[in-house]
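Consider the two complexes below, in which subunit A is the common component and subunit B and subunit C are the respective partners.
Entry: the complex of A and B
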């Protein structure tokens, strides 16, 4: 039986933001639909409306010509719309089976049989009697999918399902989704990853700033055309001008070692490198090979031997991050919400945390709020952070905006060296582009960057020199224009 | 020295009797906490139950009205807590503390007229069987209905949480109210129900004190038992059977230290009085060390307000 889902003139307005502006869309079963957009484009709001979590201000939803009243998630379930959320809706301390039986009216035994047959059919293997917190992210997602399948859904919505999956798990998921689609389930796939759209979907709807900008078939699109639609401007392909950099040495790491007491951390051994002014040193590697430890040693979160780090002719290996900032170093850690910013604090308060010496943020132990706010507004406008409310808690900023704020906070002190760790991890194309442009600009101002990243494309684009970290050891330092991504791949795997 | 075996039985029975209010209040609070609500008002709800039970018994003369009235009083006062924390989204800790202070104050005010009035005798069951079995006879027989209910309650609670659908829903709400709400569970309703149930059990625990255990009204007669009940819930890691063990240890040491004082053991009285508190907590911590099990039974959302936003 064919399923037809129609969204008609849906509008949802939040204070200060139109999340969905008069959106109309139509879906038919047998195809996999992509709903594409940057973070904050309104695609999550739209699917939350479809699943009854959010009630729209205006507009109607029709399933096979019937007007649906979706006032709660229960209504969506009753109308055969299943949804797998980006953040899992599971009860971590309950067993898998308890998670599945909780919203089912069936008897234990018959439900168990049903689950077993679903798992057999789609080749899932999950122990039903262990608590959910012992499952991997991929397995948790399968539990969510089983939960939907138990109810024989007509529509299955997946909200950014691959953000927590490994590549192996992602390809397994794609196989399952294709199978569901062949069986007549209408699939709506929400993402900002262009590659996935090209690989999986038949049709794509692009959203931008709450509005639907285009609906088209995948065969008429390519990655560039979709990226341009998503961002709303023709993306410049940025490429760094490779100029001769100065030979004026800024930072020199001499025989740096770090031995961790934590068995899950990587030891660093005999790290030696130097970075000149105006240069970007890229450090590639598969995550977990010592990048996090290297970042912490460079930033001063882990203190090392005084003489192992020479910065601007001072030995600073034994200084903490605050003291290193005074020598004009700046840091952008990997985890934006845990390490770089405090989620529950307002934007301007987070700005004040980087209390550099010349800031005058504090007078005699009192907070100089006007000064901090003025300074925060400058960061927001200089670095294109998309909000004008500096009292907003930083947890409500999207990843891209938060990263811009953090980079801005670090750069406004005009440091000589910026050390960043996966600065564009999890960001959408527009934000990535902006961050890349900013980093290139820093180099052009004769300031230096150490870029630790797991994204090889990014490293090749931005670095002047590249080294690879593997099991806590650095490879020899190579000029970026002599390196190919294949060669990096071999070094990252531990080869020569 | 020959000790009558029935005397040992009597001591054990008196230990069990002193554990009854702790078991009742703890098992009630356990359900409340399992739904994610931290109600620090147990002491207040208990003392309200104690005065309500005693006052109703004196005024109406009916024990049944008095017992159920005390439970109803616990429900009513916990309704205030539920309304504040669930509807007005106030902070659980502050509201619970206020509830305790309120309960102690209002019970003292109502209780003024009931000081010095003797209580009524509460009927006991199986009195005639008491002497039929040595040692076990005084332990098993001749107690009030509330006594038997209290010792069944941990097992009922455990069964309810593990085996029933509603128990599963309570645990789910305590684990993640957001997920539960997205699954179509009415989080506020579940939490209201759990708070009111906890209130009724605290009320019953108070009534047991003022009507059965020491049948009279004394101001502040709960004497911190509500706080011990709260501690039992936490240190038992939300496990009803361990609550039973903890309550028995606490009751046992309380009784034994009385006897030690009476015999004149040369240990400072203050230390003896403090002993049950320390030992109970140490024992429960030791038997609940498994961090994986603690993680699995701790309600993740405990004490956090939940309100659905659209």
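Entry: the complex of A and C
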């Protein structure tokens, strides 16, 4: 049977922002639809409206001409709309089967048969009786999908499903989605990854700042045209000039180990690598494979054996971050809002977090506010932070501007080495470009970078050498021009 | 139609106006309660808020009550500004009083200029020791400081109870639950003949100035602030975040301990069962009403101190239970938290559409 889903003039206003501005869209089964947009474009709000999590201020939703009243996620389920969220909603300690039947009132035996037949049909192989915490991210996602399929949905909504998957898992997912579509399930695929849209979808709707910008068929689009629609401006592509890098070694990590007391952290074992001056070493991997621990060990938040880190011919493994900064290292952590900056404090106060002795921010234990403010103004103008008020609390900066401030704060002291962790995570394309240009520029000034990132495209674009971290171990270091994203994908998944 | 719109930035003017609004709303609601109870609202409020401080004696009593509130609230502001929820100041006050009282009893019937400083110091140390318990448990064992500090309040009160009834009770005291009178050298001097206001007020004023200086002007204050907002950031910046947590608890405990010293070495001059009419808890309201700012806390402590006096006056003249004072304290906090909504949102009046 044909399924037709119609969104008609949906508006949702939050205090201070219009998340959905009079959005109208129509979907028909047999096709895979992409809903494309940057962070904050309003995609998530729209799908939350479709799945009953959010109630719109205005507008109606029709499924096969029936006006749906979606006041709760249960209403959406009853009306055959299934949704797989970006973050899994599974009980980690319950078994797969228990997770699947938790919201169903059918009998266990008949459900078990049903689940078995679904798994057979789509070639899923998951042990139903092990706890969910033993599953990989890809398997967990399959559990979520099966949970939707049990209810024979007419519509299946996938919210950024590949953000936690390896390349292989992604292509498996795509195969399944195509199969579902052939069987008449209407699929709405939410993403900001252009490559996936081109690969998977038939039609694409682009959103920007709460408004629907365009609806078009994929065959009439290409990556550049979609990117421009998504960002709303013409982007120049940047590419790194591959030059011969020096052989002058800057940092050398020797047999570094880290064993954590926290069961939710990853242990690092036998980390060995070195970075030369003017070089960018990229470290790829799926998040949760020890990146955060590696960053902390490199920055000095976790102190290790003195001799395990040699920097500029000094052994610094036992120094804390502030002491390492004196040796001209700089750090940009992953979490902008909870670690790299304090949103509730003013911009200039955040600048003072990177405290060099020579910058004289604090004399004899007293705050030298004038010095900090002077310094802050310089960062704001040198690094294009879009504000002129350094007394502004940093929570009022956009993600991109905050990241520019953080990178600026770390770079204005001209360090020899910048260690950054997912520097463009969650940023819009304009800000990503700026950060990438900045990182390339510091390599050109013969300064080095260690770039820990989960974004393979970013790594391939910026790195001279690449290694992959998997379960706390680094792969061998490869030259970036010999590496393909497929190869990285295999290594990221633990293959060889 | 009225529409609620989010502010782009919390309003600074509103930040200082909401405490005043909260006090106003408290008066209105208080008047209403009096009306329902069958009193004339304006007369009752007059008894509550004006009569008690209409004369010199009343004003001295106001300062007497405001002194511990201000001192404790200043200490708490260090904790609260760095997101450490120490709500056990009452216990720290009590323990400070116990330690300083014990020291004062050691110097029973001795005279000397050195005695008072030792007694004061002992009180501060007692408060610090007691505050260090939740601090250390929080930093090294991840316990919740709210629970620990609150529970310790009752522990300290029971210790005090035991001491004044048992080993420290006055041998000539006809079994009253109190200790001997401290010697004059162990007591904070009274400032005026016939009034109860004592030198403890200088301790409170000094704490105001010192706290302002430390928090806003020093590197130490900056580190405390950062550690309070995010231990992860403190670690990243290279600060010793855990030490900062312990430090703010110690400061807070010292202030509460000093307030305890003031209570027992001031007008009373002995340890007894009720060293504090819940100053340690009320000071939490004072700290928030004063927006955790030293100057704000001075005013807030005066406002809240009136509710103590007003409750007594109202009990005498209107036969209302003195617990009405706590009702008013509760209402102030309630309306303050409610009006904080205005910090982030504003009402917009727009002509009716459609």
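Descriptive notes on the structure:
Keep this in mind: the second predicted complex is superposed on the first by the 255 of 496 C-alpha atoms of A that agree within 3 Å, B and C clash if a C-alpha of one lies under 4 Å from a C-alpha of the other, contacts with A are read in each partner's own complex, and residues count from 1 in each chain.
Going forward, contacts are C-beta pairs under 8 Å (C-beta built on N, C-alpha and C of every residue); 3 or more make two chains touch, one makes a residue touch a chain.
Everything numeric here is computed off the predicted structure, so don't read it as measured data.
In the superposition on chain A, A:490 makes contact with neither subunit B nor subunit C.
A count of residues in subunit A touched by subunit B and by subunit C gives the higher number to C. When both complexes are overlaid on chain A, the residue A:341 reaches subunit C alone and has no touch with subunit B.
In the superposition on chain A, A:133 makes contact with subunit B only, while subunit C stays out of contact range. Of the two partner chains placed around the shared chain by superposition, neither subunit B nor subunit C is touched by A:223. In the superposition on chain A, no contact is made by A:215 with either subunit B or subunit C. When the shared chain is aligned, subunit B comes close enough to touch A:98, but subunit C does not.
After overlaying the two complexes on the shared chain, residue contacts for A:365 are found with subunit C alone; subunit B is out of touch.
Subunit A has no residue lying at the interface with subunit B in one structure and with subunit C in the other.
Every residue of subunit B that touches subunit A in the complex is listed here, in rising order: 165, 168-169, 171-172, 175-176, 178-185, 295-298, 300, 310.
Listing the residues of subunit A that touch subunit C in their complex gives 14-16, 299-301, 320-323, 325, 331, 333, 335, 338-342, 344-345, 349, 352-355, 362, 365-367, 392-393, 396. By the touch criterion given at the top, residues 4-9, 216-222, 225-226, 229-230, 232-233, 235-239, 345 of subunit C touch subunit A in their complex. Subunit A meets subunit B in the complex at residues 53-55, 72-74, 77, 85, 88-94, 98, 101-103, 131, 133.
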